[in-house]
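Sharing a structure, written as structure tokens. Questions coming.
Chain lettering (A, B and C) follows the sequence in which the chains are written, and residue indices restart at 1 in each chain.
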């Protein structure tokens, strides 16, 4: 926003003072409202096609060439569907829930930088803002589940609350490690901190042992936060039908989907920003087109994260609700706390090569111990005998 | 509506159980089946299976029509395994009427039944993973292989699922050399698919964590409740009708019966994988030894087929368990006086509550998936 | 023993392999199995079956079906409805007036095909039967059901060739018997004598071979075979549907006779002609023994719906080994009534 304002303030000399400001505010909003929902629409298409290919099918290919107009057709279909509200539902809350579901997801994009200096709002508490906002989405899920007056919806809503609240903790702690290393809560500063020695790749936090662990923790947390497989228990279709949005149809259902996918994309964006170097990549300092190259790198990384999500969704089964909680509190939480300590160690060790080895050893050992503990009594290798 | 059933005081907070009707319209009840579950939070404290939504009066229908006309109806019992259903009825009638089945027909029966078994087991595992939330990927891999078997069934019997293939005293159509070659090709490629399937699933930590120690069926209960099929064998009950009765020509084949120890969902899953490997062994032997000759007993009439008075029970090891038909023929003998079907799905389902109590809602659906039911057979 | 999570990554390798594999599946359908249905259709194997249809030779008038109603009785879901055609005087015409199959009820089990002794009903493989209506649109009437023998040859070449060859052989045998009547030609089977010509009832436009035509036995046989194989409409003496009745013994599943029927006498049974009416037939047996009277009461199609041919059923009733008098399906209530009457007359009931 500031960048745009500085850029265009000169052009509007003599015009009323609010005009450039208004434009500077409107452009990022239009960008967020225009570009990300389009990404959402095509994410659904890509997801369906990729899942289809994973399952030896074609996926949607009937509407337009390669099914390119499928999202449009889906949207039209959902718009023209009957809007059903259960007779006993709390009608106002039932109506409000999908609206509220979208708002936090859109707000999340405010702090995701897509190019040097190009971030909708350069908040100095950006990461904190992201966590505060993302937790708000659980409110919408619970409202929807409660207002529907359906036992499956209620079960889904309760699962959603428990899950989001639990996974918030390891996620924030994983982010704390990054904040400690970068020394700032601002997303732009975090990206800048990932350059080292003039190279745009080597400094990415994911290439440090603590950064890699943080990346895995954060990615798992992000998956759980946006209820993606294998953590999609709030809407586990084989168990509780559709969870909190069982009783939603038509465009309200579409809004829930929109909110959920936007949250997943925004979380992927934040993961990219914090661990994968954001918009960093070769060629971003070329004059004039450097910004576009940076945006290209950012969206490429974002796309990779989304594809990883889809790939996982096509492969893994879903975990159970108590295992989900156990995993958050018994594995992710100790690991993220240890990770914070390791970042401190990294910071105070001068020799970075030695620090790399030591931190990797500590974290690896911790992982092995935690894995042994969590697997003990839950997972066993079995052999089978044959009858005579 | 949230109903108050009995408040369960837990410490300071007073909680209530809720009654949830899982089904008859539910994505993972495998048809129109309903479970009246009483939940304390997410934990199941009571569960009552409700059946009968798909009741089609199979037994009474069969008592009003000729022996022959019942065969296509048995296709519709367990619509995944029409071949073994046909066989069970034909076996009972052949026992009752004292019909001798030609060698070649017996071998063809073994071949199609074992193909049905691998088809059923791979798809059941797929359905179970679907219930686990794997987005249908294993299921569609299973369907990919099933397609090849169904293609063979279609060229053999004319239909993919409702084969209506067996006749009293043999089979309806002979298996040509091209079909034998097709079957050999399927059998040769199937182990590769099983390896892929196992790589995808058997070591998956999520699957292990979800399936192990869930839905345990103790050996004693399995025997007392007359559980049969892979479910009983997963609980460690050594009972395979192919070995016990040696019906058909099963006595001539070399195969083993895998047994589980714990009797949980994972055992039921893995026993099926092992049984598929044994079925491949049987298929290889049967296809190798397939003799020439008649494919149907020449003395058996199609129209006005009559059976002298008497009763008989014939049973086969269907992929889901012991499938038997008890038939009584009376004066006239044109149609059964009594026709009773012993469906494995229905009887295996009776222990559902015992397996589900104390587990979570999410476990109920995979326990149901591991029981392997087809509602066409449960309700008949 | 690998590290925790190894199984998860093994699984991801499998899915990745399948994902990539779909792009290199060059029509082998090993990895990309879908048939894009309206554009491409999977090839149907010859045995594939959908719904039944009725076969005719040449023109639709020359249908093989004689309305014997065996399929109607044997059909497990009871989806076939047949009314036999009759002329003004109420004489059976040996073909259906109404033949309806409710394809919403039909379960494609092929039992009607197996039990048909006349090779008249066969399984189609056309599965695209969707209609807009739920009720009347899904009932196939006689004109919808009739399809030519050429069509049958096209969809099921091997099976149809076997059937054609068999019918031709039967027709030749029939024609031969019609003139030189070697009764021992068909040892296990009843040798039905040649039916009398029926100039009055033969539909116009049919080629018949009158008995007084100047043909030798060989010529007659060749001509009959030629007419049937060539698809030329034939009826009456040569290869009428009645002649086909003899083929019962070789339906797809071998179907031996219930009781070896008596050999036909040298002069044949003059009443054994489905073209005659009940009263005409009864006139012919006025002085005959009971078994012949009973036989004359039947529909004379030798359809085996009762489990015998007409001779065998009559003998079985006369001998007392068969007590059910309602087994003659083509004869309908008329025959059952007559049989009862005759048995009462004879004092056996």
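Simple rule for what comes next: contacts are C-beta pairs under 8 Å (C-beta built on N, C-alpha and C of every residue); 3 or more make two chains touch, one makes a residue touch a chain.
Since the structure is predicted, the reported quantities are computational estimates derived from the model, not experimental observations.
> Kindly list which chains stay connected to each other once chain B is removed from the assembly in thought.
Leaving out chain B yields one piece.
> Relative to chain B, which chain has the most distant C-alpha mean position?
A
> Approximately how many whole Å separate the CA-defined centres of chain A and chain C?
A distance of 69 Å separates the two centres.
> Using mean C-alpha positions as chain centres, tell me how far chain A is from chain B in Å, no decimals.
Whole-Å distance between the two chain centres: 43.
> Between chain B and chain C, tell me the centre distance in angstrom, where each centre is the average of that chain's C-alpha atoms.
Once rounded, the distance between the two centres reads 37 Å.
> Residues of chain A that touch two or more other chains: which are they?
Only 54-57, 314-316, 375 qualify.
> If a residue has to touch 2 or more other chains to count, which residues of chain C qualify?
Residues 4-5, 8, 11, 14-15, 18, 33.
> Which chain B residues reach two or more other chains?
Within chain B, the residues that touch at least two other chains are 137, 141, 144, 200, 204-208.
> If we count contacts the way the header does, which residues on chain B are in touch with chain C in the complex?
Those residues of chain B that touch chain C are 65-66, 68-73, 75-76, 137, 141, 144, 147, 151, 154-159, 162, 164, 167, 172-173, 196, 199-208, 296, 298-304.
> Taking the touch rule as given, give the residues of chain C at its contact with chain B in the complex, in rising order.
My answer: residues 2, 4-8, 10-11, 13-15, 18, 33, 44-49, 70, 74-76, 107-111, 114-115, 123, 251-256, 258, 304-307.
> Per the contact definition, I'd like the list of chain A residues that touch chain B in the complex.
Going by the criterion above, the answer is residues 51, 54-57, 88, 149, 151-152, 154-155, 159, 229-230, 232-233, 236-241, 313-323, 375, 378-380, 382, 384-387.
> Can you tell me which positions in chain C touch chain A when the two form their complex?
Against chain A, the touching part of chain C is residues 1, 3-5, 8, 11-12, 14-16, 18-19, 21-23, 31-34, 36.
> Mind listing the chain A positions that touch chain C in their complex?
50, 53-58, 311-312, 314-316, 368, 371, 374-375, 381
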